[in-house]
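Take a look at the structures below.
Two complexes are shown next, each including subunit A; its partner changes from subunit B in the first to subunit C in the second.
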Partner chain A sequence: MDRSYIARGLERCTTRRFLMWLLPWTLLLAFGLYAAGLCLFKGLNQTNMDNRFAFGLWIFLDLTVIALGAGAFFTGFLVYILRMHELKAVINSAVVIGLVCYSGAVTVLMVDVGQPLRAWFTFWHPNVHSMLTEVTFCITCYLTVLAIEYLPLLLKNRRLRQVPSFLVFEFELHRVMYVLAGVGTFLSFFHQGSLGGLYGVLRGRPFAFREALGVWPSTFFLFVLSAAAVGPSFVLLTTWLVEKITGHQLVERTVMQKLGRLSGVLLIVYVLLKTIDTLVWMNRTVPGEGFSPQQFYGFEPFGVWILFAEIVVFGLLPAVVLLDARRRASQAWLLTAAGFACFGVALNRFVMTIQTLALPTLPFDRFLSYWPSWQEVGTFLAVVAYGVLVYSLSYRYLILFPQERDLKAR
Partner chain B sequence: MAANKSARYGMVIDLDRCTGCGACMVACAIENNVPPANAKATERTGITWMRVHRLGNGRPFPDSRAVFFPILCQQCGHHTPCVAVCPQNAVEVDAATGIVDQMPQRCLGCRYCMAACPYHARYFNWWDPAWPAGMEKTLNPDVAPRMRGVVEKCNLCHGRLHRAESKAAAEGRRDIAANDYVPACVEACPAKAITFGDLADDQTEVAQLARSEGAFRLLEKLGTESKVYYRSERPWVHQAVKSGIGKEPQRG
Partner chain C sequence: MFPWVNGFKWDAGHVIFLGAFYTVVMIVLATVVRALVRSRHHVRVEKVEAFRWKQDFHDLPARDRRCRHELNGEVDSRLCENGFDCRSCAKHPEFVQAAAARADLPKGELFGFPMPLDRLYHRGHTWVRKEKDGTLSVGLDELGARLIGKPERLDLPELGQHLNANATAWSAARNGATIRVLAPIEGTVLATGGPDQGWYLKLRPDGPQPDTRHLLRDGEAVRWMSRELDRLQLLATHGACPALADGGALVEDLGAALPKNEWAAVCGEMLLEP
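Entry: the complex of A and B
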């Protein structure tokens, strides 16, 4: 039925089967939209956040999703700026992942704020000293860049190509792709960093507060680095997952290994800097604020194990595996290490968001726990469903993996 | 007191006098049009610009001792945590009074300021404000109620400050009289545990008390230069405050 929309030479499942695949995700999206609607119309009392847990599941997952979506800017940077042409095999997929991650995160943020209709106030009355202002500006601009980067993919659709003006427009867009990649890298650098800076500047939260390097706290640089490190890993994992679901080989194995190696190199640098940062925090920052680091790890379940897990188990370990060419050649090792790396960054975002807020700061304060409400979970599931739907539609009707046709012919 | 000079309004709360009666909390809520708590509100979602906490010495009877700690916005004067983080300048420190002002009409409700505040003195409107029928007639006309989805906090009874300034202007004075500007909590405290005034004026009682032995500020090492001081003659209180988040963590 929709064959005329599918690019020549690509093998896709029947329309009926595709619709069956979309159905559960559409239902999940509808459920999530209902949950988000409750939060928008009845207010944030539908969540389990409170005056102490001012941030919850949404901010934690937003930060994680944005870090994982960093594959878009980083792959773009590698392909268009550093001219690593072999990564062209995944750049289209990376752009779709980035678009999905960023647009999903921004949508959840709109539900997360108490007065979404006042979002434009940040542009009208910006506080240039606030990390959140930087985040808002950069994410909005970068989402626009991603949408523009997505356009050439869309215009390459078999049907749309029949419109001559679209072809010309797509050609023109390709010419500025290097500029867009550069702008995207610049914007991403700042908002990934500002997201880290959000916590690093919190002088009143000694667990999160970090020493400044220039005008930015160290978490600014750690967030940039960790996002760049796991971006390729997430692209790798997504590509593998799509291969498994569709039953087609989509990229050369060497591309997967290259992505793994890139993740490994950046991850080891991140682990090194994160270790130095933790030591400085323990020996200088925290004592300077009148606390001792042990005080923060005396509250179950957030013991020292979480720091060990973050740096060693989900940082150093995957980095070592990804740097070893022999291990990287094994798909099981490669995928496990990439999964560990992604989980490590998610754990870092969890620690920065949830552990920071759970910890007491005053002598009569209590350590508090928080569990998200079904409306919070549902809203985020809507983002997951939306992501799967956009990616599925893009995979079916657009050329996400340029090597797919050649690999099939072989 | 001069409203047009650089005043630094603040207070000293004598913990040895505070009985924990909560009159300050009630007076604050009535003065500032804080609505009655929603039926579903909890200790963690209710709005109490001033909240009285209990701090014990952690020892068993008969050695057990406790003080009550009224916590309100500490009116930080330096590195003010909430001011720097607000993305749309909805929080500012008034240079003329030193009061940290919250502008609910500009607040996005992102709650970043709440995450930044180490004193947990900021509150979010999780519900639409609602008063039982007839009770809205008791609302203070000098204070605007806040809507759902915005953050609010103590502003040292800004409505009262404006009233005092208006009175001074009507009487042809530039300065406001000390007695004309007294926050509701100070006025309501039956034990006279709260002393309020201009900390920048060395002659005021509050400035002298703030410099007296036994006076301290919470989380002093953070360098926030808060303008709410506490006072106690009891060494264990000082010890407990210095130890930060306590030696024996409570399990969550």
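Entry: the complex of A and C
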């Protein structure tokens, strides 16, 4: 039925089967939209957050999703600025992942902040000294850039390119893609950094507070680096997942290994800097604030194990595996290491968001616990469903993996 | 946000932060507007077909972009970077010279497959023949004709229309798909034919001596066709051309022999439409 919209030479399932695949995700999206609607119309009393525990599941997952979506800017930077042409095999998919991650994160933020009709206030009366203002501006701009980067993929659809103006516009956009990739890299550097920076400047939260390097706390640079490190790993994992679901090989194995190696190099640098940062924090920052580091790890379940897991198990180990060419050649090792790296960055965002807020900082404070309400979970599930739907439609009707046709013919 | 908005101050924070923001916005805006303006201009001056071919050629898999001189054995491995337009290729004259010294180029027919050498062949499975009256006849080669078979609809260009090389010459609809055929050479359409006439277009060339350096001729055309038959065998998995190597013959109408989807994909690949 929709065959004329699918690029020649690409094998796709029947329309009926595709609709069956979309159905559960559409239902999940509908459920999530209902949950988000409750939060928007009835207010944040629908959530389990309060004035003391103001960041919950949404912010933790937003930060994770934005870090994982960094594959879009980093792959774009490598392809268009550093001219690593072999990564063209995954750049389209990386753009879709980035678009899904960022648009989903912005939507959840909109529900979290509330009053979406007043969203323009942020732009009209910006507090230029706030990390959150920088995040808001950069994410909005970068989402616009991602939408423009997505446009050529869309216009390349078999039917759409029959329209002469679309065909030529797609060509012209493609020619200026290096400009957009450069702008995307600039914006991503600042918003990834500012997301980390906003924890680092929390002087009232000594668990998160970090000393400044220049005008930015160290978490600014650690967030940028960790996002760049796991971006390629997430692109690798999603590519493998799509291959498994569709039963088609989509990219050369060498491309997967290249992504793994890039992740490994950046991850080892990140682990090194994170270790130095932790040591400085333990021996200088925390004592300077009148605390001892052990105090922060005395509240179960957040023991020292979480620090060990974050730096060693989900940082150092995957980095070592990804840097070893022999291990990288094995798909099981490659995928496990990439999965560990992605989990590691998620754990880091969890620690920075949830553990920071749960720990007491004043003598009369107590250790807090928080469990998200079903509305919070539902809202985030809507983003997951939305992501799967957009990616599925893009995969079916657009050319996300230029090597797919070639690999099929072999 | 703006100097006249409440809360704005002319301090370093506002100037640096908003300055960076406006710079980014202006760069993005200028980039998109530039692309829009250029697109509008290209559509107006009718460059769409040139862009279509540029894109199509760029999207062709590497195996479909082999240089004609690789097929001919003058170079071990070479990808074409000029959209199969050897007239703009710096290396082409060198290869032609090398080829002139060779005497082992095959001639004649191929597996009982007619390959008349009174004409020049284009990589998109069309041919050009210079007629005595100075016009150019354009048609589908035998493989192209068997690929498309009997089309349900044929969209031929209008008389007087100017065609550029590698632009869409005509399109054929069949099995719910539309297949476009590339023009092998530039010229103005004088007459249109069809499968029954043996030719599809009569063109008036742009000059008295049309430049045909990009077209395949003589033995190299035979060698290329042999490679194309191999390629077709790899692409068509449903036994439409099962035994060419063993003396079998290609079926007369691939459109009828292959499943619809596979036929459209094979046509796209063979006629250089990714």
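Here is the rule we use: the second predicted complex is superposed on the first by the 409 of 410 C-alpha atoms of A that agree within 3 Å, B and C clash if a C-alpha of one lies under 4 Å from a C-alpha of the other, contacts with A are read in each partner's own complex, and residues count from 1 in each chain.
Here is the rule we go by: contacts are C-beta pairs under 8 Å (C-beta built on N, C-alpha and C of every residue); 3 or more make two chains touch, one makes a residue touch a chain.
What you see is a predicted model, and the numbers here were worked out from it, not measured in a lab.
**Student:** Touch check for A:357: first (subunit B), second (subunit C), both, or neither?
**Tutor:** first
**Student:** In the superposed model, which partner reaches more residues of subunit A, subunit B or subunit C?
**Tutor:** B
**Student:** Name the contact category of A:289: first (subunit B only), second (subunit C only), both, or neither.
**Tutor:** The answer is first: A:289 touches subunit B but not subunit C.
**Student:** Quick one: is A:214 in contact with subunit B, with subunit C, with both, or with neither? Answer first, second, both or neither.
**Tutor:** neither
**Student:** Is A:247 contacted by the first partner subunit B, the second partner subunit C, both or neither?
**Tutor:** Neither: A:247 stays clear of subunit B and subunit C.
**Student:** Which partner does A:3 contact after superposing on A: first (subunit B), second (subunit C), both, neither?
**Tutor:** Once the two structures are laid over each other on A, A:3 reaches subunit C alone.
**Student:** Quick check for you: in the superposed arrangement, does A:125 touch first (subunit B), second (subunit C), both or neither?
**Tutor:** A:125 sits against subunit B and subunit C alike.
**Student:** After the superposition on A, what does A:115 contact: first (subunit B), second (subunit C), both or neither?
**Tutor:** First partner only, subunit B.
**Student:** Need the overlap of the two footprints on subunit A, from subunit B and from subunit C, as residue ranges.
**Tutor:** 124-126, 129, 133
**Student:** Subunit C touches which residues of subunit A in the complex?
**Tutor:** 3-4, 7-9, 123-126, 128-129, 133-134, 137, 141, 144-145, 148, 156, 161, 164-165, 167-173, 175-176, 179-180, 183, 186-187, 399, 402, 405-406, 409
**Student:** Under the stated contact criterion, what part of subunit B meets subunit A in this complex?
**Tutor:** 38, 40, 42, 44-46, 53-55, 69, 71, 79, 81, 84-90, 106-112, 114-120, 122-128, 147-151, 218-224, 240-246, 249-252
**Student:** Show me the residue ranges of subunit A that touch subunit B in the complex, using the header's touch definition.
**Tutor:** 43-45, 49-55, 112-115, 118-119, 121-122, 124-127, 129-133, 136, 198, 201-206, 288-291, 295, 298-300, 356-369
**Student:** Provide the residue numbers of subunit C that touch subunit A in the complex, in ascending order.
**Tutor:** Subunit C reaches subunit A through residues 1, 5-7, 13-14, 17-18, 21, 24-25, 27-28, 31-32, 34-36, 38-40, 42-43, 47-48, 51-52, 54-55, 59, 61-63, 176-177, 234-235, 261, 264-265, 268-269, 273-274.
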